[in-house]
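We call the chains A, B, C, D and E, going by the order they appear; numbering starts again at 1 in every chain.
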Amino acid sequence: MIVDNALYHQGKRVQLGDADDQSLGWARVPCDPGDFQWVGIHDPSPDELELIARTFDLHPLAVEDAGDSHQRPKLERYGDTLFLVLKTLWYVDEEDAVETGEINLFVGKDFVVTVRHGHGIDLAKARRDLEHRAQVLEHGPMAVLYAICDRVVDEYEKVGQELEMDVDEVEESVFSEARTNDSNRIYVLKREIAEVRRAVMPLREPMRKFAMGVDERITVETATYFRDVADHLQRVSEVIDSLDVLLSTAFDAHLARISVQQNEDMRKISAGAALIVVPTLVAGIYGMNFDHMPELHWRLGYPFALLLMAAIAGGLFTWFKKSGWL
Amino acid sequence: MIVDNALYHQGKRVQLGDADDQSLGWARVPCDPGDFQWVGIHDPSPDELELIARTFDLHPLAVEDAGDSHQRPKLERYGDTLFLVLKTLWYVDEEDAVETGEINLFVGKDFVVTVRHGHGIDLAKARRDLEHRAQVLEHGPMAVLYAICDRVVDEYEKVGQELEMDVDEVEESVFSEARTNDSNRIYVLKREIAEVRRAVMPLREPMRKFAMGVDERITVETATYFRDVADHLQRVSEVIDSLDVLLSTAFDAHLARISVQQNEDMRKISAGAALIVVPTLVAGIYGMNFDHMPELHWRLGYPFALLLMAAIAGGLFTWFKKSGWL
Amino acid sequence: MIVDNALYHQGKRVQLGDADDQSLGWARVPCDPGDFQWVGIHDPSPDELELIARTFDLHPLAVEDAGDSHQRPKLERYGDTLFLVLKTLWYVDEEDAVETGEINLFVGKDFVVTVRHGHGIDLAKARRDLEHRAQVLEHGPMAVLYAICDRVVDEYEKVGQELEMDVDEVEESVFSEARTNDSNRIYVLKREIAEVRRAVMPLREPMRKFAMGVDERITVETATYFRDVADHLQRVSEVIDSLDVLLSTAFDAHLARISVQQNEDMRKISAGAALIVVPTLVAGIYGMNFDHMPELHWRLGYPFALLLMAAIAGGLFTWFKKSGWL
Amino acid sequence: MIVDNALYHQGKRVQLGDADDQSLGWARVPCDPGDFQWVGIHDPSPDELELIARTFDLHPLAVEDAGDSHQRPKLERYGDTLFLVLKTLWYVDEEDAVETGEINLFVGKDFVVTVRHGHGIDLAKARRDLEHRAQVLEHGPMAVLYAICDRVVDEYEKVGQELEMDVDEVEESVFSEARTNDSNRIYVLKREIAEVRRAVMPLREPMRKFAMGVDERITVETATYFRDVADHLQRVSEVIDSLDVLLSTAFDAHLARISVQQNEDMRKISAGAALIVVPTLVAGIYGMNFDHMPELHWRLGYPFALLLMAAIAGGLFTWFKKSGWL
Amino acid sequence: MIVDNALYHQGKRVQLGDADDQSLGWARVPCDPGDFQWVGIHDPSPDELELIARTFDLHPLAVEDAGDSHQRPKLERYGDTLFLVLKTLWYVDEEDAVETGEINLFVGKDFVVTVRHGHGIDLAKARRDLEHRAQVLEHGPMAVLYAICDRVVDEYEKVGQELEMDVDEVEESVFSEARTNDSNRIYVLKREIAEVRRAVMPLREPMRKFAMGVDERITVETATYFRDVADHLQRVSEVIDSLDVLLSTAFDAHLARISVQQNEDMRKISAGAALIVVPTLVAGIYGMNFDHMPELHWRLGYPFALLLMAAIAGGLFTWFKKSGWL
């Protein structure tokens, strides 16, 4: 589905026909040097992809990749056209989970085609924002590329912050007194971190390339901006790496905690058992059938025995409490 | 055993003799510039290999390797002939296991020799498919090389998906309530992942070389296609790596689970023991032989004692239930 | 907030106006070749940053970074201006914790702007010290850069030493006889080491660059000094790495210790139980109702039985003591 | 001790004196261009080494290394002479152990000196084999170098296969039902794998160098053969690496197994205890001294009590069996 | 403190003044081309360092480093002077511990200054040895550098061998039947290996540089000798690495052993408990108060009951022994 399609002249959207529906549909508009056309597509059908490929003369292999929503991030160049695959990430609070989408960008001399799969980033909003910054847009297609990368990486940083908070929670839970089943949670977090890493890591190389200005369309000024994106990406990847290491350490601490708890339980159980078993011995003694057992004939022999048991149990209880076994 | 042997002229199979048996047998056909011959061999005997080596002037070391089905994937160049060893992988559903075969390719200026060991890929079908795509085949021997690599790597991706499903199952099992012996399964999966890695990793370098066009027979257009194969290979290898890491984490969680279960068992056992031991103490008390024990002379002393035991056991049971020990 | 702003001529601070308030406020002073201006800012508001950016023509991306106190250490070059982000570290004894701050440096041809977030290093003192070393200061802005890096890295070394002492304490605790909850402490130390690493590691590359003289303003002599800083940084990073490895090993030893303790506890408990259970058996025996049990009719049968129990318990106690179970 | 010493002319051994003792002793024979002399020494005394060093003008450092049987594999060049240290490996079936020896090769323009320490490879047999392949031997000293490397690496592959079988056995043992002490065996295997790695890894670089033809005496054809050796070496090293990883995983599974067994034992023990403790409670109840306990006066009270105990024990037994505790 | 100071001419010590005190004190002697002066200093005071720095025009940063005994090994070049920091290692048998010292070398065109901290290597002996090898000494300052490096690295190898023996002992202890507290010992060894690594690893790069002849004073012949040192260093570092890995594996085996021992203890304890609990049940049965219990009236009822208990206990004992529980 085509979401929007417009022509930009000197950083400004060119008004076409009536104001209600400004988009060009599937058409390619011949444009003056310096102008460019930006087509936004969402979850395209194979036919739509085919159409757009023919319109902008896109390479079939790139188009095939753009139709598949399980690509890894990458940058490729087919003739004059750059093809960039980006993973979008966002954090779903309700589920404490990271979800992923995909944006494919075809960046030619005088056009940009953005193909979005799933949600994650509001490209329409990104376009509107850009349309208000003519001084950026007038740098042409590479400015669109930069704006989208910047926005995607900003989302990565937000996801990184959410994961940092999740790891903090896990940490607290691991070192709390409560018996918590943290291994499940740590596993899920590790899985999500792996997913974020799969989005972030392969993108570093393309951003570095843009930052070093590998393309003749990247001016020194533009490269500076891409360097900023590359730097943020680097920061995210370092955060992710250190979270991963922290989780491993937290898991080890969790394992140690389980062992310690088992030990404490065992000691509590043993102390509890002693409280029962020792009085049982006393009862056994007074259940012996000797002819001459003076206590048996005491008037208060029975209460004495019960008190003896209680006293022993009480003494043990105090002792165990003091030595930390109960 | 020779499976097929045919001459291709401008991407089309040249009809030779009667239609039933089009293959050339062991013969080498002199061909015009741009034409090429494609010989397909399956599980060859040493003599057959010797014959084919003499026919196409193949290097003895490469022929020795081609006769051995336990090679590692590699690309070598002997004079004008490229020698590529590929591992084929396929997933056997019945056994949840990955099996491996091997394809050796000799790619000369005007010939391709494919030597297949074991199963895994239907090269005959690959040939029939290619014969329907004359515009690919007319690129000559390198097109055959590409087509086979593409097909082999597609199989890798399928295997990767199957392993992903297996890992998902293991994950579910590890975090389920049931007591499952996951360590065995995790071990087997790790072994299979190691096997896939041994097939995938060494192939990346050759594909990268083709993608960068190291051979004069690789045109820019062909290189683009090999880049696509290299990219898929990279995707498989990343999937495999992340599955391996996930399995290690799942194994750690499995270990933690065993410890937690032991702890739970110990608490259950202790609680159960308490239900028996405390009434035993009561019985011991009323088994004492004191002269003055009023309860013993009560009419309902015995039922009272039994009720007392039951009440104590019931009380303990409720308490343990509430505190999660039973 | 501007902390200080002064002009330096041949390594000496230029007296401006009255002696009490020598600083220039926000103004930029036109200076002769070889002179330079040094502005020190602390926790600036966005407006102040904006002002200073306009005054010294700083790049908006660098200014944006300088306003954010969660940057990673990095060196960037915007035209003639170097932009260096440094993490400051200091050890808070009361909390056994490492805290972090940030210094951003803009180093131009004839100016230095230092933007400090949080505490950690007394830049005012650093400035006063430098002002007493005219022979250093006369090397211009790069001398200021060196002096600050040197001081920051010195702090890293102090933090490294404090952490070494903490690790020594943990070590002692792990191998002491006392039951200590070391896993929590090890975790916290690992977290702090990770934090120090995040400050130290990314700084190595910039220091190496300075040491190799990548900037035309770095003379051979200056490079020697930066090489010294780079070497100290390397030393800190090696200390940090080896502490991390030691902590992991200590954690493993801690785990082993927990297991050994559990084993010892179990043996102690079992020995203790035997001391009760065996006399209980004796009591049970003399509680049997056989017609002919000679002991029952002995005069001293009862004391004999009690002595028997005590003797058995005493014998067991001695035996368990000797074999290390109690 | 000199084992053999002969002159080779166009790939054929030159007959010298009587047929029984063809070797030259310690003498150096002046040879025509293209001819070369091959001296084989075994466990030489320092004096013998000194003698041979003077005869062939070998570098003292290399000679010192050649006299020491604890070198690491390496390739060095002293003037025109190559010095290669090889570790020989062989598997001793009786002890399931890998043993090591050492071969030092001095390869000059017109001579080869082989110094062997320990056993491992029958160099005399290698020489006889080579003497039957004149077309190889006529390539001169480098052919001897190739032949020995090829043979040594073939032995590595055999050792690798033996270790694979050992790992398979360990694997089977770990996952068998029997209680086996696998950690010792895994440790020993890991130690042996480390030993193999120390022989294999440092040799890869020299073989790669030969394969790329770094020496002017290595023709393109010879390089192809060394490439084959390098490839086999790579295969061995990959096998070794993957065995090492497998062993680590098997060890983890072994640890998990110990925990699971402990759990099973604990449950078995607890179930067994219940079979005793519950009847003890019944006995305790009928040992109480209440005046009114109807069962006590039943005729068949005693058998009834015994049956009750047996029934309870039987019931528990069935229940534990069904729930997998016994 | 100056230990020795002498002038060398063509590899021979120049006689100065009376034979008893040949050293020059703090003086610098003007020397002919090819001659050089060698000053040996031990634990210098800051003033002595200052003096020597002025005499030989040493760089203040290097002098500062040379006064500090906690440097990491490194090679630096200040103008024409090389500055090398070496860690000396030696093994103290009484404490089974590795100790460290430090040697700083300043190597100029016509002088060598050696600054030693702590013990470890007898530089005076090294000097005397060198003075007997005029053909080495006449190569000038680089020969002194080589001789010291060679000696230091020889010490590393000895330390490596001692550590190998320690690891062998630990290994034996881990796999012995005795209950040993190996984790402490493994930890200490790991710490020492880390210390050795910190001395060895950073030295490899400087030695490699010397071996490749980066300095114009290093002739091809000298480089050969440094290559030998570099090779020995490489050997030490490989030994150290493999010991570290072995210790980790031994620690894992130690952990497994603790678990197995706990399991064995638990089974022993349970079996022991059964020997008591089952007779207790028998005693309980004959303590029941049924009117009709024929055994109670048997003449030999009591001995029968005792024998029954003993028989049951004996039977259980035999059974447990046979099944390995006791």
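Assume contacts are C-beta pairs under 8 Å (C-beta built on N, C-alpha and C of every residue); 3 or more make two chains touch, one makes a residue touch a chain.
Not measured: the values here are computed from a predicted model.
Chains that touch both chain C and chain E are absent from this assembly.
Path length between chain B and chain C in the chain contact graph, taken as the least number of steps between touching chains: 2. When chain A is laid over chain B using CA atoms, the rotation angle comes to 70 degrees (nearest 5). Note on chain placement: the centre of chain B and the centre of chain D lie 27 Å apart, centres being C-alpha means.
Centre-to-centre spacing of chain A and chain E amounts to 44 Å, using the average Cα coordinate of each chain. The multi-chain contact residues of chain C, meaning those touching 2 or more other chains, are 255, 259, 262, 266, 273, 277, 280, 284, 287-289, 293. Taken as a graph of touching chains, this assembly is arranged as a ring, one closed cycle with exactly two partners per chain.
Starting at chain B and stepping first to chain D, the touching chains follow one another round the ring as B, D, E, C, A.
Considering their complex, residues 59, 61, 65, 71-72, 74, 76, 78, 181, 183-184, 186-187, 190-191, 194, 198, 251, 254-255, 258-259, 261-262, 265-266, 269, 272-273, 276-277, 279-280, 283-284, 286-289, 293, 295-302, 305-306, 309 of chain D touch chain E.
Chain C contributes residues 171, 175, 224-225, 227-228, 231, 234-235, 238, 242, 245-246, 249-250, 252-253, 255-257, 259-260, 262-263, 266-267, 270, 273-274, 277-278, 280-281, 284-285, 287-294 to its touches with chain E in the complex.
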